[in-house]
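When the chains are written out, they are named A, B, C, D and E in that same order, and each has its own residue count from 1.
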Amino acid sequence: MTEHLPVLAVFLPLLGGVLQFLLGSRGLPVWPLAVAALTVGCVLLLVGAVGSNGSIEHAIGGWDPPLGIRLRADGLAAVMLLLTAVVGAAVSVYALGPHGKASPQATHFWALWLLLWGSLNALFLSADLFNIYVTLELVTLSAIPLVLLAGPGKTVAAALRYLQFALFGSLLYLLGVAITYGLAGSLDLALVGPALADGGLAAGLAAGCLIGGVLVKAAIVPCHVWLPPAHGNAPAAVSAVLSALVVKAAVYLLLRFWTEPLAGLSGTLVAQLLGALGAAAIFYGSIQAFRQERLKLVVAYSTVAQLGYMLLFFPLAVSQAWDGAVYHGLAHGVAKASLFLATGNVIAYVGHDRLRELRGLDRPLALSVFAFGLASVSIMGLPPSGGFVAKWLLLSAAVETGQWWWAVVLIIGGLLAAAYIIRVLRYAFLQAPGPAVDVQGPVPSAVMAWPATLLGLLAILMGFTAAPTLALLGGLPGATS
Amino acid sequence: MSSIPDPFGLAAAALLAVGFYGFVTHRHPLRRLLAINIFGNGVFMTLILVARWMPGGPDPIPHAMVLTGIVIAVSATAFGLALVRRSMTQEDGDRREPDDD
Amino acid sequence: MTDWISSMFIIAGVGFFLAGTVGLLRFPDVFTRLHALTKADNTGLGLLGVGVALQGQSFRLAVLIALIWFLAVTASSIACHLVARHNLHSEEGER
Amino acid sequence: MTLFDSVLALLIAILAWRSVTAPDLYRGIVLFITLGLMLALSWARLDAPDLALAEAAIGAGLLGILLLSTWRVLQRAAPRQGSDEPASYAVRWLAVVGSTVFGGTVAVALYGLQVGSDRAGAEALASLDLAGIDQPVTAVLLNFRSYDTLLEMGVLLMALIGALLIRSPLAYEPWHGDTAVESPLMSVLAKVFTPIVVLVGIFLVWAGAYGPGGAFQGGAVLAGAGVLLLLCRRLYGDADATLLLRGLLVLGVTAFIVIGLLLMPWQGAFLAYPPGLVYVLLVVIEFSLAVSIALSLLLLFTGTHAVRAVRS
Amino acid sequence: MSALYEAMPLWVLMTSLVTAVLVFIAGEPWQRLRVVFNVTGAVLKLVLVGIMLRGVHHGHEFAVHLPLLPDLAIVLRADALTMLFATLSAVLWLVTTIYALAYLEHAPNRARFFGFFSLCVTATMGIATAGNLFTFFIFYEMLTLATWPLVVHRGVSRSMTAGRAYLQYTLAGGAVFLLGVVLIYALSGSGDFVAGGHLRHLADDHSGMLILIFVLLVAGLGVKAALVPLHGWLPTAMVAPAPVSALLHAVAVVKAGAFGIVRVVYDVYGVDLVQSLGLGDMLAVAASITIIYGSVRAIQQTDLKRRLAFSTVSQVSYITLGIAVGSPLATIGGLVHLVHQGLMKITLFFCAGGYAETHGIHAIRELDGIGRRMPWTTAMFTLGAFGMIGVPPLAGFITKWHLGLGAVSAGQYWVILVLLASTVLNAVYFLPLLHRVWFRASRQEDNGVGEAPPGLLGPILFTGVASVAAGLFAAFAWSPLGWVELIVEREY
């Protein structure tokens, strides 16, 4: 049974989504919720099994690599699956608010969301370069229609831009796969490493294409231009998933590649370059976030910045940095989902998200503002929170390896995050003068308020759960410590 | 392995270069989609060459990858074209690029 | 012997294509260009087909080539018809 | 035939360049279609007849006509939209330098590639008799790497859902000056060609088991038949899909998943088939895929939830 | 049972943390319930602290380890120094809670206020009980965050500006502090607070690094301790409601900074190492400058709370000064001032709040003749002011006496000059004030309103009397001075 769990983790939601499309609005919202619950259960079983037995593999069709494709649930995949399940559960409950009633819109939402969930799981479990290309496309092509659910008129330009970049990025990645296959004669992550490490031009080109393609998908500066409009205009539940999981999936790939196919690049100039890109993302994203006039765009640019932290793993490349980067991904996922859901509640209540016109929200939307505040603590990297633990680990790694400049980047990044977050909270607390909020909708229901709050609380609690999580992650593969 | 250099290797490189050029220089979404597809064709050509160079007959695995890639590229492009139609035929107010970069 | 005959057919076919192409480039308006193109190309394709079929020396191949020729001729004549018709209508519209 | 190949390669490069730089978008599209056909030719020359077929049917054929139709919609909506405001000189030169370096690197890397025989592909060829299908590419697609194919069907479905969400249909409503509609030849075209195209499509699906062809090529040709009927005004886009139609759309991916999951407890792995049944199961899957592919491509073309026959 | 007893620091934290959560959940409508939660929590904490105090007095040390990462744990510990700060906080929390209940009786957003107030106390307790630098940092930053909503509580743009200044200073300080903490951990592998420090073995090879780290740590802590030039946030934060100002200035924020400096000097570096690296003199100079500068600026202020704020800037540095001088007697003076200054300053701020709440008085010139209308409040204000000046036998005198003796025994005679100058300056800014309140004629018409309401007056009397008692009964073993002597005995 255990070895079938990875398959179920992918195909429960995938089949659920396909059948939702088939059923139309029949079965809403019971069917998708049942599928979501089953998926969460399956992922929990899988994570439990990985925790106790180590990694689980499943050769699809019974064909072992290099001929066939392997699903592999190791520590890294397990923590990402767990993140997806947590955020997915919260988003599924939240979505009962805006997408709970039967309508074509709701059908599309649930079908696409379940498909996206399955796609993400497929991506995290894949151990095959070309299969990862297909899962990347799956993720992209379920994510973009989700963005459009906010109303095509508003989002079509953003979606188009997103699509162009995503397509170009994945084709660049595919070129890398093609050359890798030419070199190695295999597509399995565990088998292509030696060929990519031979130092030749073709190996370099392949590595460059793989990295470049993934960087475009991960919206790392300067390839970030598609992200803010897409994340800033999508429905709240979708923005949460996009920021917490979808871009994270691309960065996850980069980390994954670093441990296997591209392990040879560790300690090279490429690693420093990736770190520099990360620093650029942190500074640029934070400054842009500070300059935005719309709440959702602040949160979206914050994602651009926060992804940069994960790239700091590459120049540091020690076990602590690995833990820190992955934990940052998890903490940011939870916190950012909470931020977007809370923002969604603000928009549902006020009808817009123009910062200057949001004053004194803390009373009518106490729970959502509270969630926003809790999640912000993690985003700012302040204790006690998951973001802080991650920052601590990265800082320690920077100091330990004597690369103090990355420590400075981390510290300044935290301060910049505080600057744009506090700017938002100021408006929430500000009572007079200035116009009170012009209310357009009812106070969001408990179904919409609590997922944000619970995620926010989790972001704080993650300040205390690092030890078991990192034990599940199992340390930097191949590290001697 | 073929003893004479395949001229199609240059064609693949040319397709990739031209596709890249088009993607960078054009703003019009339809032209960008064209450029992306040309780039994609360069990738497919590369895969086909890799398949052909295997001793003992064309390698079926890159061929399968190309087939998958073509279908994905065409579906994504068709989706993109629907987006283009929608974005270009909307009222003026909505047609602008999102105001954020 | 067959080689010689087939070569003759192929050379003749290429000649027709050449003539059609020159016509396409040199004739003054749409209608005459279409005329050159369809007439020359349909015949050229037929001659080429015969030449190739002779080379293949198999009945199945010959039937397939004939089918291809038939489809191509039908398609191109309908296409030319539509182009001409469109052109005619738009010229009328301008007047 | 190196001369022929070299000319073809040169032609491909020139067509690509002209297609990207053509000042007129329409010309760019036409050149792109031509490029697709030349690519199909070159791939046939490179021992990849399957791919040549697929490129001709999907890449050049369906995509080409979709591009042209979209161009026409844009023309009607805003005639001047087609022309592009060119990037500045600096950007263009930078791009030229960048893409030349990039292309040069690719070329050097490609020609330096040492492709040995110790490869997954060689193993695939050696294991053909275990796959239940003789045609190597189909064996890879439907058995060795069937997981890719399955997920690819998911991509197709999602792209379709996305296109439907946008509500920007390409339904063919006659408008003033559409001379094609009134032409009597159109009905001839529909009557003569459709059966042949459908026949070819089904043949291609079937042929996938032992020769060039398969679900994708066949499905694309079947979709082509549908497009032909649309162009001849025998079919129209429709907003309401029946359960049956949606069922056919998801038939391929559902059959794939359900068969895989059902057999998993017995076979010990997902998408593993019992040796005795493998051929039958793969044919069932292949035809289901073809149906779904054909319908999906057709609806991607119309941008509508369904198609219906013309009222007579 | 023993495990529960051993985990006492954790329970002390929980009393206020749970209170905070309950208050947030109860929310605005359940006012009575909130009050019950608040007072119960405060009393419970006091009882627990009392139990712990007894244990520590008998030589027991409480310690709780919560592993966080493989080689990193949150450590909560209670030693004698902890109890000094913890007892002060627990007592003053109860008092301030009662005061705040009366002060904010008709104000909006009380649930938010009291919730964050309790969080603040939790953070302060965490700082007191932190057993290593990492834990200390966690609560130090938590204190920053929990205080911000209190500073901006009024929600007007002036308080927003103050809040922004507060965060700019404290978050930047926290960041610098964090860098220092990480460096300590990287250098020595541990940041535990050990009496006498644990870095001595690194002094030979890494003295430059140790100096750098010390500067980083003190700069980070100095922001909250309001060392010049890092004090800028404090006077602007005066827009907060009076209980917050009292809490910020007497207990939580500034003391957290000062307490942190004590911990770094004694339990991380060790006095010997600090002196041998020449860091003691540096710190003493910084503290002296702050003492003089704060007093001079206090004279220039026309707003009562701002004058008190600059007075705080000056007075808190006595603690730093005492530690920096490095002799046992000076240390006693510095540490005991932690309590003395807390009691005196909270009395003064309570009084200022009483004036503002009862008669709307904010500026100093409006204080004329208030003594006749509010005799009890003004009497306590006077006691606090005399204490600050250092009139014997009040608490401030005890501090200055020990500081002076300590300076002499360490051979640092210039410190005496600083103390004298500071005393003169204190007199300059407090005595005219006292003259106004007692001897000038009132400018306001008598509107029949007299003394502050009992909810305000009670805490004022309590802290005022306590500050006097701390001075009068200094010789007793249970007095703050007695306790501090115990601490210093154990340190040296």
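Going forward, a contact is a pair of C-beta atoms (placed from the backbone, for glycine too) under 8 Å apart; a residue touches a chain by one contact, two chains touch by 3 or more.
Keep in mind the model is a prediction, meaning the values are calculated, not measured.
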item	value
Minimal step count in the chain contact network, subunit B to subunit D	1
Chain of greatest Cα-centre distance to subunit E	C
Chain nearest the overall Cα centroid	A
Interface ranked first by C-beta contact pairs	B-D
Gap in Å, rounded to a whole number, between the CA centres of subunit E and subunit B	66
Distance from the mean Cα position of subunit D to that of subunit A, given in whole angstrom	31
Computed distance of Cα centres, subunit C from subunit A, in Å	57
Where subunit C and subunit D are represented by their mean Cα positions, the distance between them in whole Å	28
Per-residue overlap in subunit C, given as positions that touch at least 2 other chains	none
Subunit B, residues touching no fewer than two other chains	16, 42, 46, 50, 53, 61-62, 65, 68, 72-73, 75-77, 79, 83-84, 86
Sequence positions of subunit A contacting 2 or more other chains	130, 134, 137, 141, 144, 152, 156, 175, 179, 181-182, 187
Which chain pairs touch, all of them	A-B, A-D, A-E, B-D, C-D
For the subunit D and subunit C complex, residues of the former touching the latter	177, 179-180, 183, 185-186, 188-189, 192-193, 196
In the complex, subunit A residues that touch subunit E	360, 362-363, 366, 370, 377, 382-384, 388-389, 392-393, 395-396, 399-400, 407, 411-412, 414-415, 418, 422, 426, 429-433, 463-464, 466-467, 470
Touch list for subunit D against partner subunit A, complex	105-106, 108-110, 112-113, 115-116, 118-124, 127, 143-148, 151-152, 154-155, 157-159, 161-162, 164-168, 243, 246-247, 249-250, 253-254, 257-258, 260-261, 264-265, 267-273
Of all residues in subunit C, those that touch subunit D in their complex	71, 74-75, 78, 81-82, 85-86, 89-90, 93
Subunit A - residues contacting subunit D, complex	4, 7, 11, 14-15, 18-19, 21-22, 24, 58-63, 65-69, 108, 111-112, 115, 118-119, 122, 130-131, 134-135, 137-138, 141-142, 144-145, 148-149, 152, 156, 175, 179, 181-183, 185-187, 200-202, 205-206
